[in-house]
Amino acid sequence: MCLAIPGKIKSIETKYGGMVRMAKVSFGGIVKEASLEMLPDAEVDDYVLVHVGVAISKVNEEEAQKTFKYLEEIGELGELGDVDEYLPKPE
Amino acid sequence: MCLAIPGKIKSIETKYGGMVRMAKVSFGGIVKEASLEMLPDAEVDDYVLVHVGVAISKVNEEEAQKTFKYLEEIGELGELGDVDEYLPKPE
Amino acid sequence: MKYLSEYRDPELAKKYLEEIKNTVSRPWSIMEVCGGQTHSLVKNGIIEMLPDKITMIHGPGCPVCVTPLNLIDKAIHLATEKEAILCSFGDMLRVPGSQKSLLQAKAEGADVRILYSPLEAVKIAEENPEKEVVFFAVGFETTAPANALSVVHADRRNVKNYSILASHVLVPPAIKAVMDDKESQIDGFLAAGHVCTIMGNTEYHPLSTKYKVPIVVTGFEPLDVLQGILMVIRQLEQSKSEVENQYARIVREEGNLDAQKVINEVFEVRNQMWRGIGEIPDSGYAVRDKYAGYDAIRKFDIFIDEAPENPLCISGQIMKGIKKPYECSQFGKTCKPENPLGAPMVSSEGACAAYYHFSGMVEI
Amino acid sequence: MKYLSEYRDPELAKKYLEEIKNTVSRPWSIMEVCGGQTHSLVKNGIIEMLPDKITMIHGPGCPVCVTPLNLIDKAIHLATEKEAILCSFGDMLRVPGSQKSLLQAKAEGADVRILYSPLEAVKIAEENPEKEVVFFAVGFETTAPANALSVVHADRRNVKNYSILASHVLVPPAIKAVMDDKESQIDGFLAAGHVCTIMGNTEYHPLSTKYKVPIVVTGFEPLDVLQGILMVIRQLEQSKSEVENQYARIVREEGNLDAQKVINEVFEVRNQMWRGIGEIPDSGYAVRDKYAGYDAIRKFDIFIDEAPENPLCISGQIMKGIKKPYECSQFGKTCKPENPLGAPMVSSEGACAAYYHFSGMVEI
Amino acid sequence: MPILDFDIITLGHGSGGMLTNKLLDSGVFDLLSNDILDERHDGAFLELHGKIAFSTDSFLVSPIFFPGGNIGELAVNGTVNDLAMCGASPKYLSLSFIIEEGLPVKDFWEILVSIKIACEKAGVKIVTGDTKVVEKGKGDKIFINTSGVGTINPKANIGKKNIQIGDKIIVSGNIASHGMAILSVREGLEFDSEIQSDTTYLNHCVEDLLNNFGTDIHLLTDPTRGGVATVLKEIAEATAVGIEIYQKNLPIDDQVASACELLGLDSLYVANEGLFIAFVSEEKAAVILEKLRQDTKGRNAKIIGTVVANHPKQVVLESAIGGKRVISMLPGEQLPRIC
Amino acid sequence: MPILDFDIITLGHGSGGMLTNKLLDSGVFDLLSNDILDERHDGAFLELHGKIAFSTDSFLVSPIFFPGGNIGELAVNGTVNDLAMCGASPKYLSLSFIIEEGLPVKDFWEILVSIKIACEKAGVKIVTGDTKVVEKGKGDKIFINTSGVGTINPKANIGKKNIQIGDKIIVSGNIASHGMAILSVREGLEFDSEIQSDTTYLNHCVEDLLNNFGTDIHLLTDPTRGGVATVLKEIAEATAVGIEIYQKNLPIDDQVASACELLGLDSLYVANEGLFIAFVSEEKAAVILEKLRQDTKGRNAKIIGTVVANHPKQVVLESAIGGKRVISMLPGEQLPRIC
């Protein structure tokens, strides 16, 4: 349920007489509008999670790395080598 | 203007709570409904002239023959012979 | 069909033509008022069979052709802006308004429907209670009873979403207008048999007396038309100017009194605009106040600016018999049946279209 | 795409699978509450890659699947009888009501439109002032802010012809209902990452305590799901029952407070029918009186008889993990994706459809 | 009719997925089965020898079931006849449906069965096809395209260039029946009658003529849309000959003629099906007519006109009373008149 | 564009009368003129030698102009490609329009020009056609049917029966582009992107392969409606072989993949144009791929799967992380999901 994917805010404009902040969000190059009303402090270049046209969360970059480090953390990653290679890279 | 053709009344029924007499009129075999409101005394087997779904005149059989007799009447029909052969026949 | 095909007999037609030839001694111009007669003349190739001395002039007898531009614009407005179901006789659809025809409006999505009878439109209104249904009630006196009847039916059956856009034209005032024009040269008239079926012949006696023209109430089949022409010519040759009834199998002297009653119930006489001719006093019908709720103009309170008619179109002069279509500068050039500038190019009874289609004068 | 494709790394997935195998010592049943996770499991073929000791149970986590029959009938009624423009997310269209689906209603002429966002529906209402526009507002907590926002937008912009047919379902009461069923045998939960994005994790602590089950808030990509499963198993093997957050890159402990605010502005908690399961207390949202004018049920005052669900369909037991789809007598026989008897056969996340499509058990 | 678990056609049936396959398997493919079609590839593999004719038409008719037939047999016969008009023996047809969502499956089935029967009668095979579904309100129940190929009769030489002054013009049967059958059930204009569309296959009848009279048959054409008048006018314009036709020779059913009177339509412009016009050599005209009238498809055939040197590019009709009028093309569809 | 005295298409243009002739004369016939079409008979007279392929498709796409093309070139390419999939060189097409009243003449003209250009590129001729007009609300701007004939390459032997265990499955380029290009401009779902439909003609590219590799190419098919998944499932069912495909090998444009994520669609079921799938012998697979990748139409080609003896009739996808799932047909159209 609840299909939502992360995208990068390309631009922000204010619509409907200043009442609504709408962002153009790029998802791997395709661009769709999303409301920023649930994320009042979201800014251009932020990565946000968008669900049915509404941005509902900013991606936390630090936390984003934990999945790649978890096995290491729980001490089970002897042979994995450089964790960095799995980390999200700037686009 | 005012395309109207003669047809023969096949049947009559009363519609809309007895307010309107409608006839099934046969035009050379094809049948269409026509209002008899302009011809209150029209009966089954009468020939009537129908225009846009309304019967507007009963055909006068006697007068109908005059076109065939006119030339004779004005004395110019020496060679025409038997006028009867041109007269409308029963269908 | 009985009372129809008999009047197409080729042998008798030849006799009539012969008799016409024998009778005519000098040039006569005869106007057939009615488009139905024009149609018969051209469809049967009668015009060329007549002696050269006889010139048939196609009168203003096509209600479709003389319906004012502004009323067509109103019909289109009702269909497009008011989203009404606009019902009409088929031949009205191609007539150009100031911007477009009903056919074009339909192409652009308007709900325009072709009906055989106005009574059908009342049924459509009953079946579509959520929509307004307007019948484009054009016609001469012949069609007025049916159009009036649709209003009476709707009223009786309490069909509130029905109304008519009425544009009726009356023949006697038109004959008057033709004769009053100084340029007109009409010697005699074939009057419209089906108009007289409704109204009778009484209105024509004062006209034949006043203008000293023979008026023969005539039918529509070849023999009818030929007999009518012969009757006019016989009068002309004998310097008579009477009203005669060629079409007595259908037309009674007094007309159809029941039909006149329903006309008077719903309509009252008013001045009327004729496309290409202008306003003619007392030549049309307005919906009586009693039925104002069924009068589309009042019901929808529509006002559309009067658009000017195409100034190059000489349709008025053509319908009065003053000019022939080929004397129009636009005939066959910018004005063609598939793109008519004026109404007489629209329906095949329109004088210009009749010439264009049937005369073979024009290389397409 | 950043923050997406990285979580599909095959090499790391293998490590996770290896670690899961090394960790698990006895059979565990884990319910992924959310259909999005079911989708990820089947699409990536994860279920068969997991050790046999781990059984994944597809929970009621597809709002489309649990939307009550009666509400679908109401949506169809609005589209067909009230002639509203009925807007919906795409996956709702194939779900059968008691007579037909929205897709069938559309095939029969209803104006049913698929939208990406409820905010689009408000625009459609603005552009079609003469029509009523209803958005079929289904969803879990994740979708509630967007649906609520559409009402707020309509209200602000004074769009009076807009309303929503609301059918929201809430996850924590559903977990409670699953655990309260005596037959249920769930050892641990993957909680729905996107639900928690809105609501946070606080509601889950009392549940894990009360039912002594680990609950791991989990994302949707293969690595997310694998990590989530590993985290559950590690707890189970260590006899822990805590709430953990695998999806911390997105989910904050307190959720999104702005989103919660707009939900509370428009909705209030109520009892809710779940298709196949029955009524669950405090498990849905009703539109507050303040916005009654935007509540399609009240606005159109529609009443549709409750139709009985198909008695042969055991979808409730399937969504609680008590039975597997192939244990249903209708599975693959009268009940197929192209003709579903119950909701879990409809969307590809529905447990029955997932088995039918992806398991390869069924010869089509 | 096969038992299907759906009773109307929906978009899914045109999606190319499971429902499409179900519809095709239990309907189209089963019913129309033949070796070539059964291959079910992106196209059909055929063997044809000699010269070939190729024709296409899309069929849209409202209502889809009308007195005397339905859109399915119309679609088969239409392309069969167009190929026959090329002097070809029609062999293989393609069949492409555009269905509006909501079409009852039983209507579709009835149409399919008519297609099958029409193919059997004409001796042609459906070898390739396509099925699309459009949303409600974006189609009109069902549109059908058929295209076809056939081998040209070696004895035939059909073409406008063969027309000569003096050629006789034969019409194979009563005119205007199809168009008036359709109008008789058209909303707002409907009337009761026994008028039936005469949609039928003409290929066998035409083959017979070609086998017997070969190159004495100069041109064949079927006066469908626009009717006899339009087709003759097109030919006159294209070849710069004159054409004369005689109203008294035009074969027409009484009821059809009456219906034309009622609605103010000219039968010369009304659409025909199952009817052809042949331009034939003056010398053989009488025997060709005689032969044609022995065939049930040609039993009402008449010689209706002559190719003349006068008035090039013009078609002139001699009316029943002996008057003449020039026949032109109509600007568009003929509309019922009141005036 | 010719100067016409009408700017939208009306019913009259489909009546068969003067307006039809005007539209055709000043539009279709002029623009597409060739010896065969110019005959303007009821069908076309052709000469074709050897074995023949025959195919048909009706094209309906909304909107009719979309990123990367329009319905006109789609209609030409579609039938050209279906013929190419038979191992044939497409030669002649029929062209049949069903136009909804109100279509702007300039749109029609633009489509015609695209058709002309597409024909020139593919080297085919329009030889016969048909134009119908339907009332507003009974069509959707324009539907186009093309049917086509072509001569089968003597070196080719295309057919499901040729498929063997071990055959490699090549896809000629990126998948799902066409379907997502259309969706990107679909009301209610639209998004900004650079995604373009890859509608194009494949005949020259395929001829090249057939000339070089002949019977090593066992089957050709274009995965249009229903996408790659549906076509493969159909083949597996029809031939009773098993098919294995590898997600990591599926070529797809980044933006297309992203659009699928956004709308919750599976790219395997999204429609393609200008794309084909070839089943080729195991031995020659590598060289065929190499050859194909030298052609611009095949520069993104990949081997995506293998024909296997396991799981007959089933298509199994190996996911990027190595899991397996069975690929089935969808019940109907794929609908965008939220859950």
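Going in written order, the chains are labelled A, B, C, D, E and F, and every chain counts its residues from 1.
Operating definition for what follows: a residue touches a chain if its C-beta (ideal position, glycine included) is under 8 Å from a C-beta of that chain, and two chains touch if they have at least 3 such contacts.
Bear in mind that the values here come from a model prediction, so they are computed numbers and not experimental data.
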| item | value |
| --- | --- |
| Subunit B reached from subunit A - shortest hop count over touching chains | 3 |
| Fewest hops from subunit A to subunit F - one hop per pair of touching chains | 1 |
| Partner chains that subunit B and subunit F have in common | C, E |
| Chain located farthest away, centre of subunit A as origin (C-alpha) | B |
| Of B-C and B-E, pair with higher C-beta contact tally | B-C |
| Type of subunit E:subunit F copy interface by residue overlap (half), same or different | same |
| Chain located farthest away, centre of subunit D as origin (C-alpha) | B |
| Centre distance in Å when subunit D and subunit F are each reduced to the mean of their C-alpha atoms | 37 |
| Inter-centroid spacing, subunit F versus subunit E (mean Cα positions, whole Å) | 30 |
| Subunit C and subunit F: spacing of chain centres that average the CA atoms, whole Å | 55 |
| Between subunit C and subunit A, distance of the C-alpha-averaged centres to the nearest whole Å | 74 |
| Residues within subunit C bordering two or more other chains | 1, 4, 9, 35-36, 61-63, 89, 103, 116, 120, 139-140, 143, 337-338, 349, 364 |
| Numbers and ranges of subunit B residues touching at least 2 other chains | 1-3, 5, 27-28, 32, 51-52 |
| Set of subunit F residues in contact with two or more other chains | 10-12, 18-19, 135, 137, 258, 261, 264, 328-332, 337-339 |
| Contact pairs between chains, per stated definition | A-D, A-F, B-C, B-E, C-E, C-F, D-E, D-F, E-F |
| Parts of subunit D lying in touch with subunit E, wherever the complex brings them together | 103-104, 106-109, 337-339, 364 |
| Interfacial residue positions of subunit F with respect to subunit D in the complex | 187-189, 237, 248, 258, 261, 263-264, 266, 311, 313-314, 316-326, 328-332, 335-339 |
| Interface residues, subunit E side, partner subunit D - complex | 5-6, 8-12, 18-19, 22, 101-102, 135-137 |
| Complex contact set, residues of subunit B against subunit C | 1-8, 16, 19-20, 27-28, 32, 35, 37-40, 47, 49, 51-54, 56-57, 59-61, 63-64, 66-68, 70-71, 74, 76-77, 80, 86-91 |
| For the subunit D and subunit F complex, residues of the former touching the latter | 1, 4, 8-10, 13-14, 35-36, 42-49, 61-64, 87, 89-91, 93-94, 103, 113-116, 120, 124, 139-140, 143, 222, 336-338, 347, 349, 356-360, 363-364 |
